[in-house]
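There are structures below to look over.
Here come two complexes built around chain A, the first alongside chain B, the second alongside chain C.
Showing the complex of A and B:
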């Protein structure tokens, strides 16, 4: 088997079709992870120490075990579980599996943002007699989230590169198309190279963008800290 | 219905491959990270250019794509046969995580205050002595917590090797599942627990290093 440029150029349009599925799935997983991330933050602030540590360990468990196994659990094992089990289509399973896995990372980002809010802000909101809801939505979160935006952007790129895992449960995106082409014509290297190039084409410019954003934000929030 | 000990003993057959890939990948990626990280702070433009290219290529593409690519391209395109697919897996994982970890090495070396370099120049230390005795010891303690995090990432990445046909934990899990469908929840939960047990010492290491790296350091 040798390198063939014909095959290379032939597979570009095929795999480009899968690109949009990969990108779409990335955003869907990311949205799920971003919302579900708040669940862990919420659980880590419950007054009961036992509940806190239980959820802390669950999050740690999800974070340090392979997302691939979690994906298989949701796709193959979940439907078999009596009563609560439902069959999921590969897309939903991928969004749930990768979304839950990365929500544990997102919650760490949120937590670091919340912890960076000055203690005086908490005290002032209590002194002003704001309700818990007002305190969070009007005072804490508007200050906690913006400095974490570059970090949140980094996770978007990281998730983009994890989404091909979904091809193992049958989501027909870039990697799946490449492997299908390969098994049909016994040409794997060319389509896989195309897939790699597409990943590079999207993730490298985004990474540069994020690092620019990071520098900008660092300046912005440092300045704020200096003047206050 | 298979029993729990039955499932457990089936999965245990894959433990050796998982641990072997994990240990070999940790060793190789650490070496790659140190070499690439040091190269990126070199003053030689060619060296920084080449390593920069390597790091961006491997960080910019997905590990699972790299794994498939290596497993087909090494024998097919370059006619390289590594003897065992274990080495293909180790090569892909190490090159990928070596690239990520080289960024921590570079970042930590650059985070050592410039005054330390200036002082070592003033003390007439050679370039090698400066790195060996002044910069690296201070940089290493900054690297360790992040390094621990990447070790956990490498453990999670080893689950991918079953996709190129290696007989690791997940491989035996999938085999068992295909013949005992009703047991699949137990199989995958047990697998997750086994991965978590392997991860526990790495989590402990990371937490410990977080404390160590903060101890005795003047902040700001």
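Showing the complex of A and C:
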């Protein structure tokens, strides 16, 4: 193997262009997952036991199958299904695929936050005659979500590291650019090292930031939440 | 006598296979102060929780201001009450809980302002003025910007009362409101309730183990045992000269100071 610093430095600006696509795609997928996560939460609270268990199984199925398989399914298989089939561009397919996959994890985080809210909070809201919507938006979620912020942050980092899967369906981000460069010049080590470094450069500070957030929220909540 | 503000008719409640209430008949007059006493597990708390719509009776009718709380008429038939039906009646009822249940993410002023602003659409400015006044009344006028966690148990319970009063209910329910407090904090909470009772216009139902207090402020004491009303009447008759053996036995565990 012959490592070339020239190639290394040459590929940095090339791959940096893909960095923004990776970051943008991460946030797009994450936003989708964060919003869609609530869908599973509400489905799990519907009075009908049948509806609840159907959606419970769907979420479990999505969680237990690899995201790569789901991406391939949405991108390659879905378009050929009669009637409902739609062919999607790689970006949309990636947002849908990774977004839905991660939404099932996000919903578990939300659920744990919601369950940690004392049942007395629901009862006091009822006694004050708040509507169901007001109970959720003013009382329950403001208490359920803050303690889960560190966990939600972790999923953002995990998501960031899963986004390169999108290169398999043709999203031209960091990994794809590195791979193209490699096949063209038969130089894989340098561009892939650059990709890894970029990931490290973003993931590691984020992880530190999240552990700081975690400490901050733990402290804040200890002080406020005790026997209210 | 006036039309009762609350009327229980043959109300039953079961949790699973266990029947907690076995046919309760009870009328509460407007402005009447009623103390519910009885051993734990006798169903006292369940009686008021059904009125607050936190539990649904298994059988029987509860009327509030002449309206059936848990059933509504739909196309000439009585059906189970829906959310909006409960919402329309619930405004007449307020409740103070054993464990306060203040909202920990809001200051005590915000705790008091929330429901009047959201539910009654009153103007923020007016609600704030009333809330400050109410908190002053319960002796917390200098603490309005603190969070619940910064208060003692007695103070929290006084905030909870101010918060419930903000909705101006016709009937106020007190669910063992001093049971979770340290003994030295009980007095300050009872003092507030005593003042409320003196003001008079609001009906009050108190589930309590404070016999002296019941004797002092109640117009009527109801003794509940094993899911039925065993004895009820004037506080003197019930607490000082109990008739039934069960009530005598129950009261022997307390010292009632006359």
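Observations, loosely collected:
Just so we're on the same page, the second predicted complex is superposed on the first by the 224 of 228 C-alpha atoms of A that agree within 3 Å, B and C clash if a C-alpha of one lies under 4 Å from a C-alpha of the other, contacts with A are read in each partner's own complex, and residues count from 1 in each chain.
The rule we apply is simple: contacts are C-beta pairs under 8 Å (C-beta built on N, C-alpha and C of every residue); 3 or more make two chains touch, one makes a residue touch a chain.
Please read all numbers here as calculations on a predicted model, not as lab measurements.
In the superposed model, A:142 lies in contact with chain C only, and not with chain B.
Shared-chain residue A:69: touches chain B; no touch with chain C. In the superposed pair of complexes, A:120 makes contact with chain C only, with no contact to chain B. When the two structures are aligned on the shared chain, A:204 is found in touch with chain B, with no touch to chain C. Touched residues of chain A were counted for both chain B and chain C, and B has more of them. Judged by the touch definition given at the top, the superposed model places A:134 against chain C, while chain B stays out of reach. When the two structures are aligned on the shared chain, A:188 is found in touch with chain B, with no touch to chain C. Note for the complex: chain A touches chain C at residues 118, 120-121, 123-124, 126-132, 134, 138-139, 142-143, 223-228.
The residues of chain C lying in touch with chain A in their complex are 52-54, 83, 87, 90-91, 93-95, 97, 99-105, 114-115, 118-119, 147-149, 153, 156, 163-164, 167.
Residue ranges on chain A touching chain B, taken from their complex, read 1-3, 60-61, 63-70, 72-73, 76-78, 80-81, 161-162, 164-165, 167-168, 175, 178-179, 182, 188-189, 192-193, 195-196, 199-200, 203-204, 207. Within the complex formed with chain A, the residues of chain B that make contact are 56-57, 59-66, 68-69, 72-73, 76-77, 152, 155-160, 163, 170, 173-174, 177, 181-182, 184-185, 187-189, 191-192, 195-196, 199, 202-203.
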